Amino acid sequence: MTQNPSAVVRADGRTPDQLRPVTITRGWLDHAEGSVLVEFGGTRVLCAASFTEGVPRWKKGSGEGWVTAEYAMLPRATDSRNQRESVKGKIGGRTHEISRLIGRSLRAVVDVKALGENTIVLDCDVLQADGGTRTAAITGAYVALADAIAWGRRHGHVTGGHQVLTDSVSAVSVGIIDGTPMLDLPYVEDVRAETDMNVVVTGAGTFVEVQGTAEHAPFDRAELDALLDLAVGGTATLAQIQRDALAAEPGRR
Amino acid sequence: MTQNPSAVVRADGRTPDQLRPVTITRGWLDHAEGSVLVEFGGTRVLCAASFTEGVPRWKKGSGEGWVTAEYAMLPRATDSRNQRESVKGKIGGRTHEISRLIGRSLRAVVDVKALGENTIVLDCDVLQADGGTRTAAITGAYVALADAIAWGRRHGHVTGGHQVLTDSVSAVSVGIIDGTPMLDLPYVEDVRAETDMNVVVTGAGTFVEVQGTAEHAPFDRAELDALLDLAVGGTATLAQIQRDALAAEPGRR
Amino acid sequence: MTQNPSAVVRADGRTPDQLRPVTITRGWLDHAEGSVLVEFGGTRVLCAASFTEGVPRWKKGSGEGWVTAEYAMLPRATDSRNQRESVKGKIGGRTHEISRLIGRSLRAVVDVKALGENTIVLDCDVLQADGGTRTAAITGAYVALADAIAWGRRHGHVTGGHQVLTDSVSAVSVGIIDGTPMLDLPYVEDVRAETDMNVVVTGAGTFVEVQGTAEHAPFDRAELDALLDLAVGGTATLAQIQRDALAAEPGRR
Amino acid sequence: MTQNPSAVVRADGRTPDQLRPVTITRGWLDHAEGSVLVEFGGTRVLCAASFTEGVPRWKKGSGEGWVTAEYAMLPRATDSRNQRESVKGKIGGRTHEISRLIGRSLRAVVDVKALGENTIVLDCDVLQADGGTRTAAITGAYVALADAIAWGRRHGHVTGGHQVLTDSVSAVSVGIIDGTPMLDLPYVEDVRAETDMNVVVTGAGTFVEVQGTAEHAPFDRAELDALLDLAVGGTATLAQIQRDALAAEPGRR
Amino acid sequence: MTQNPSAVVRADGRTPDQLRPVTITRGWLDHAEGSVLVEFGGTRVLCAASFTEGVPRWKKGSGEGWVTAEYAMLPRATDSRNQRESVKGKIGGRTHEISRLIGRSLRAVVDVKALGENTIVLDCDVLQADGGTRTAAITGAYVALADAIAWGRRHGHVTGGHQVLTDSVSAVSVGIIDGTPMLDLPYVEDVRAETDMNVVVTGAGTFVEVQGTAEHAPFDRAELDALLDLAVGGTATLAQIQRDALAAEPGRR
Amino acid sequence: MTQNPSAVVRADGRTPDQLRPVTITRGWLDHAEGSVLVEFGGTRVLCAASFTEGVPRWKKGSGEGWVTAEYAMLPRATDSRNQRESVKGKIGGRTHEISRLIGRSLRAVVDVKALGENTIVLDCDVLQADGGTRTAAITGAYVALADAIAWGRRHGHVTGGHQVLTDSVSAVSVGIIDGTPMLDLPYVEDVRAETDMNVVVTGAGTFVEVQGTAEHAPFDRAELDALLDLAVGGTATLAQIQRDALAAEPGRR
């Protein structure tokens, strides 16, 4: 770490420990049981939660529900167009990996017994990508999930006195750029980061996922600690934004 | 035709020859050379135009450009969730058919010589479906295409004195419901229509595509004529909305 | 329309409103419940109808039957060899689109209640292609379908007093070439057509499908009317050929 | 072998060492450089030979040509309908295996140096299957191949004084049924055979392929010898039928 | 045949009628009900037999079991790396063909009634390839199959007084090189063979499969006889090696 | 953490901070430029390094090399048989994710400039799985990679005075079971772990990847620190085992 972090100003004017502007718009879709358009700066992800009664065959009779997620990106979400995975006929490794991450992150705060034998699928479609699409997806999907569970309770599919959600969950990216740990990287920072980490944290401040990757140079324990500190601070702010969004009246745009 | 059309009031309060509220929002994406969020009532389609220099191999050296389109639907655009085509590993017949229709409709108003050896791909992704997704897609894609061509001209990829666009193009659905021909069918009307027709019309009022299908009962020449009349009226209104959108300053939301 | 149509003579000696020689050979296959080799000039399509008891899961218990179709082309049906879709591992958009068209066209004249819970699949395989393969397929498939229904009745799978077929159905292509509307286009005319239309018509003369496409230039209402007139005349002749074929003794070659 | 073979009469009236009626119709397609409809009793295979200049990349510059084959079956060639491999999205093991067999069999009589850098693809599509489809395909494909080579010579693509075909090649199935070795099995015999063998033989009477399989019981050396004797006799007759077909004027039906 | 076979010495020092060193290591895997690492010289195949109760749907209620096999090769089993079939998204023709051959060969010595409604899948994965992979696979898979059946009997899934295995089965390749028939070809010989034959033989010396292919020149009856003689001798030795392996205590490495 | 870790004895007799027996066998394959059979207890992974001159198209002319990896599992590596991904026709998310992890981990210690325009593909095939397959694969693949680079240098494909490998790299799994952090989890421990972490560490003790997942309950900072300590200790031992293996003469079994 070669610089005094507090003196660093980023290209978009933020300090190293500042999030981009984050907005969460509930009820963006008319049909989905929960839906959110989540924006982390220029990153825009549409999260739709579909609630259906019943569970996959391998969970039948268990008394437990199931929550899963699928992540995808529109062809022109990025600076240049990508071929559709439906046209290629197969899903790429990155897509699979992120879908699995989102699903695991959400399940970490779901009491599947309290959900009962119901399934909720979270579709996270990136409309525009500017770094941190997976962390925005997790953060928005949690709110859509909460709305879908509330829908299930209103319609009598979720019953009993237990809370389905045991906590909230949000996620943020952190990375080291020119020796300085920074929070919530947009694309231009992401490609320059020596180390890149995605951290998924509960409302209580405990970890659900820590995924750190040395992109250009291995990192030491002190760097790892600095990144975790930043992430815990960022996700605390995101948890508050989630609470505020859920406290307001839903309603699109 | 068993009723006096002028006396009919539809579930959403429209007369048989009235379009749903139509909005065209240009510049919805930051990266795409042209982008439009088009809404026909509850139907919302994101149209992104990607401009790239060069053409597919089979057009190289022809001096001509190429315009093509891909249509897709988000899993939760509809009332119940559909499996992703990328997960299924193949694209369904309906998706293929609509992609081809959009591409043909746009090419009908493009002078490929004037475009030069450049390619424009139109991605039309249905965010929410409430009937008429293919006609909304054509109508919005035309505007995104116009913006992408203007981008190409500003950046020196499109040169010469000829207009690339020889006319505008828009589309609308029409159908016969309980014997009454109606314009711009939402989903609830679409499923009840005896006959369903999608009509693609130029700004000059000539036909690019006429696709009429007897869903429940074959139709006669008089019914066909009534439907065509409605479609020509509706697309004239759409052409005006397209002109207004292109005359305004672009800018998202 | 720049020419006196009646004065035009086509490359194969036909007048603009004349069909190519059409033959329908019933019973071309030994196993299929109905089978027809249909020829429109050099276009040769083998139509096989497979009758099976039972319906797809989503129709079970409805008391209704199901009719569907699959269209395909042998690799060397055309002037140069095409790769097999089974080798590519996916079905192209054109194949999907035509399969769907044939299925819809046949279902328009089937009373699914009268068919009972039985399924008939029409396989239309193009052995040789010289324009109009989809219209020949519809025309031949109707006859194979009629034979398969008769087989179902003879074998006690179709019962009750109602006719399963409410009418006959046939199809023909029409197009405008050098300003002249023409009937039943072979390949050499098809590629030159400014406008190309496939029209599916019942024995009663009502429309099942009207699919008009401006290949090179949009078409106006007068041109559309002229094309529909030609198509109605051509399909009336085809309906008579179908009746004659069904009146004769079946028997291959 | 429990019976006196000479006393056995088969269901279709043949003696054990008799072929079914075999017909070879040349020129069945208008476009292909060589085409044959070959019939072994109820088995009907359309063989189309496509001649193209050039060779696959891995043979470029070798001065040698390439001959390959693809085998397929129409969905209703058999007693009950089979799903299309293009719909399944992959080619089954049996299809692959037979395609490879046909290609190897033909290459055994081709002098690839004399062919020059040209490619001939043989498409063998089974229109109707009644046992022995692969042996009929090889027998018919040889004739289509000969016609395509002649076409290549007439059009100046094949030059030089050497014969491209070093011999003819044909094939037949043999099997042991109720202890009796029999020639050219139709479907009803094929399913009952204890042992089933496909033998590919040159005009000179030497072996190209011997593929014997014990379907129900292993076979001994004496049985193997008896089957090979039958096959050599049958292919000698087929070679004569091929010579007669090639000596006649081509011309469909 | 231009040489005195007895005078020929092969590159690896063997006489024409000698096998390569063959080893069969039982119990190579901890989990599989039967497992064998079989080596024919440099060819190494891992054969794993998986025993499961129940049969595929089409055999349910038949009282009969099912035995099947899958063959595959690791990407770097060969001299240069091959792309994985899982990455290509489809299985090649050669893989299919060999899987089917192994399955048929094993079923020839299995009494499916005595097996009862149980399924055994043999996975034959080539770790290193030096010719004869399919024959090594059959030879090793038989031993793994025997161990899996014994497991099934010990665990009470196979009951009754009948032997499940009616005989043993092994396989070997033979070929003609420079006019000399030779046994058990390594890769360097295989590519030079004029004729290549794989022969599957029971412990009793009867044939299960004979697959002879003229790679470079058709072969005559005398050559065929010489190859069969060699194969019968080689498989007799292999049957003894199998018996010895099964008589010993199992135990890895 | 509810127990005194030093007092805990695991089912296999290890203390919480002890690795399973680890063996690295170099030269296990005859053809691959580097190959290793690596064993972590019952987990056995065959790592084959394929060295080829040249790089993928997108790296051509960069002067840099490319290192990538593919991970796969034999169907019967696990307790019950899994379907082959080649049969399914697509690669699962887990396989993709692990392949990507192995490739990134190796690239972190490769100087691609020093490698020059050469490609090394690491195939890591799990022959038997008992937990920690990805960490064993990374640990073994590093040794195979080192051998392949040495091969490239001996054969003159890698030149210049720079080391290609800037450090060694190994990996280990750690997890919390019943409140106790433990090193190198076999399958029975892995399924019970509350938290599961895979850590990839260089010979110098810096981090390449940290992938921690809360399987059953989110984990706090103290737990994370304890797990990282264990992992750093375990990988130091693995690095020594790698050094020892590379110091010895290669040679299979």
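Letters are used for the chains, namely A, B, C, D, E and F, taken in the order the chains are written, and counting of residues starts over at 1 for each.
By definition in this document, a contact is a pair of C-beta atoms (placed from the backbone, for glycine too) under 8 Å apart; a residue touches a chain by one contact, two chains touch by 3 or more.
Just so it is clear, the structure is predicted and the values come from calculations on it, not from any experiment.
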Required minimum of steps from chain B to chain E, each step between chains that touch: 3
Those chains which touch chain F and also touch chain B: A
Number of steps on the shortest touching-chain route linking chain B and chain D: 2
From the options A-B, B-C or A-F, the pair that copies C-D, where over half of the contact pairs coincide: A-B
Whole-Å gap between the CA centroids of chain D and chain E: 28
Separation of mean Cα positions, chain F and chain E [Å, integer]: 33
Interchain centroid distance [CA atoms averaged], chain C/chain F, Å: 60
Rounded Å distance between chain C and chain E, as computed from the means of their C-alpha atoms: 52
Sites on chain D at which at least two other chains make contact: 89-91
Ring topology as an ordered chain list, initiated at chain B and continued via chain C: B, C, D, E, F, A
Of all residues in chain C, those that touch chain D in their complex: 29-32, 35, 42, 46, 48, 50, 52, 70, 72, 74-81, 84-91, 95, 121, 123, 125, 127-128, 130, 253
Residue numbers on chain C that touch chain B, as the complex places them: 90-94, 96-97, 99-100, 104, 108, 167, 197, 202, 204-214, 218-221, 224, 228
